[in-house]
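Below you'll find the structure, written out as structure tokens, and then a few comments.
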Amino acid sequence: MTLPVRIAQLSCGPEYSGIQHEIDTAARQVGGEVFYPDVALKDILRDFNMFGLDVRSPDLKLAIARAMALVDGRVEADAVFIATCFRCAEAAIVRNELRRYINEHSKLPVVSYSFTERTTSGTLLTRMEALTTIARRRALLARETQQGITLGLDSGSATTKAVVMKDNKIIGTGWQPTTEVLKSAQDVIAHALSEAGITRDEVQAVGTTGYGRFLVGKEIHADLIQEELTVNSKGAVYLANRQHGPATVIDIGGMDNKAITVMDGIPGVFTMGGICAGASGRFLEMTAKRLGVDITELGPLSMKGFGGRVPMNSYCIVFGTQSLVNALAAGSTREDVAAAACHSVAEQVFEQQLQEVDIKEPVIMVGGTSLIEGLVFAMGELLQTKIVVPPYSQYIGAVGSALLVSGFIKDD
Amino acid sequence: MTEYTPTQTDTVTKYVVVESFEVTPADLALRAYEISQGAMIKETCFGIVINGKKEGVDRIITELRKIDPDHIFVKDRGFPPGDARRCRANLGGARPGYNGMEHEMAIIPYVSHGLEKLKNHDEKTVPPPKNPLEHPLLDVYKLKKLIDAQEP
Amino acid sequence: MVKVFIYPATSLILSDMVERFGHTPLSSAIAIRERIQTAGLESPPLQITPEEPKKGLKWAAVEVPAGVRGRMSLYGPMIGECEAAIIINDADLAFGCMGCARTNELIKFLIHQKEIPKLELFYPKNEEEGVKFVAAIKRFLTELGASK
């Protein structure tokens, strides 16, 4: 039996919010074990003063001391989970500073999360899985080239994607909106195989990722079923040819968004989520529909407009759509509305997620939304950097899966 | 979510902590075992934990306090002794309450000293401690004196 | 016997003093024990379920963090029930149940609002202060007993 991955918890509030059990459950489901780094009072007093962030809450002082014990190597761990109450300003400051501190001073993968009493183990599962993967599968994540013939499938919340790769090249792709999870998967696989001119039997290994990864993975006998945080970051640096050094990967998905800082292809800090669909690809889809254009035309349209001319609040998808309708009714041009929608999504991701990771260049945007050039442009403006969109960026999860699973090809 | 069925209901658990040059946690545990009458006794680094029916636990504590009244301190505990949910071995580290106890253990010798002194002193004759709610203003005449005392 | 709320509610010293001088301390442990010994849905370690922060809405609005509301579901009823209180004002190192500064501010405020006998103290920092500390508590608790 493999030993559980030791996840050090630095937190304030989960026991009193009734969700500690959810954290423990999520960790256990992916072979992890949550523990509290042991520190003595003298350590707390010394380390809290040394860290220099003068917070009032004793449990945050304790979290600071525990973080320092991890960085100093006084307590051993494989990964770190930082969790504090949503809407607590004091804790948010500590959460951010500890995440940054651990990332800068150790090789421990960190995920930070702000919870409410409604947080469930399901919400935490992908994050925990990524933590345990990074800790346990460093060798797998170090893979830089694809070998043999492999199939990668990304069963996402909005779309299902498949790629077939052979000898480090993409030779077939398949894409369609997710309807019935299994049927969509079978269809895109069939498309990718036919484009590649390869039969299912010739495929040497299969990997799945995305929301439907477990269901589809079981059905198609996948050799590797892996959450999308590690897979996408691996796929991103591979496709962008930035496998060495730092990078930041941004994936604005159909249901949630991911921001991941990567070092040598291995995720260091990542966040996942989105307060509302107003900050997701779904909102852009709705915008395109309202403007009467195909989603693929939204990008070029928005590049002709100026978002600043349209007041837009898409923190909520309902209010966002309302602003959009109001703007059109008030005579705004479709171009300006399209640009405003792109800017709004980019701004929300910037405000809500990119604050939880330290942006390191190059910034690589992936996922279907990275093809909407207005969104990429808006993100580049906000981050004041040129964003890299690699080829096949919409197939990122499938490519990452196909790449990683080539490590599972059995020698005959 | 699964159903939760509590164990050891209708019992109380108390910490009995000793901070003394003369009595050790082991001494305390030994005496507690002698008079336990079925109550659960567990030795810890600060003293012992007792679990049982309230009357029984109170009786044991009354006896134990007699060993060294000014150096033995008692408080309630939510969990029964050895409960896996609070156990250091399971959590990987001490529960947060432990650090709080560590903090008070450094203060307890002053409290013990106070208890000893008051055995022979009427507490009414002791001046009150500083009141945290009082923020005395600097007397204006005193301020004037301070200003005048400064070299020009 | 008077029910005395102690602050910090995890204090060994205050819990002991109140009981030693004949009254009932209301502490965190009592609230936790109540949950540990009550059947319901499993929510280890403290048996505080996600329902508790909702109960906490009685003392703090929904925009207040869940951890504050969950803790208030422990302390709110006790503050309602207490007949006197002893408050240590420099209790900056009480963790866990007293680990959130925002909750602690609210607890102190609610106690100060209540018209009950209160004793405000600092932790003693030397033997002389130890004597004053114990004497003040003893006087306070003796007078409580006499007035009852």
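Read from first to last, the chains carry the letters A, B and C; within each, the first residue is number 1.
Here, a residue touches a chain if its C-beta (ideal position, glycine included) is under 8 Å from a C-beta of that chain, and two chains touch if they have at least 3 such contacts.
Note that the structure is predicted; figures quoted are calculated from it, not measured.
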Field: Greatest separation from chain A - chain, by CA centre
entry: B
Contact-richer chain pair (by C-beta pairs counted) among A-B and B-C: B-C
Gap in Å, rounded to a whole number, between the CA centres of chain C and chain A: 42
Separation of mean Cα positions, chain B and chain A [Å, integer]: 48
Query: For chain B and chain C, what's the span in angstrom between their mean Cα positions?
result: 14
Query: What positions in chain B touch 2 or more of the other chains?
result: 95-96, 99-100, 103
- line: Flagged in chain A as touching 2+ other chains are 41, 44, 58-59, 62
Statement: Residues in chain C with touches to at least two other chains are numbered 42-46, 49, 93-99
Message: Per the contact definition, I'd like the list of chain B residues that touch chain C in the complex.
response: 1-6, 8-13, 15, 17, 73-80, 83, 85-86, 95-97, 99-101, 103-104, 107-115, 117-118, 121, 123-124, 126-133
Query: Given the complex with chain A, which residues does chain B contribute to the contact?
result: 88, 91-96, 99-100, 102-103
Field: Complex contact set, residues of chain A against chain C
entry: 12-21, 24, 41, 44-45, 55-62, 84-88, 90-91, 115-118
Query: For the complex, which residues does chain A have touching chain B?
result: 6, 8, 35-41, 44, 58-59, 62, 66, 75
Message: Could you list, by residue number, the parts of chain C that touch chain B in their complex?
response: 8, 10-13, 15-17, 19-20, 25, 27-33, 35-47, 49, 87, 89-90, 93-99, 120-127, 129-136, 138-139, 142
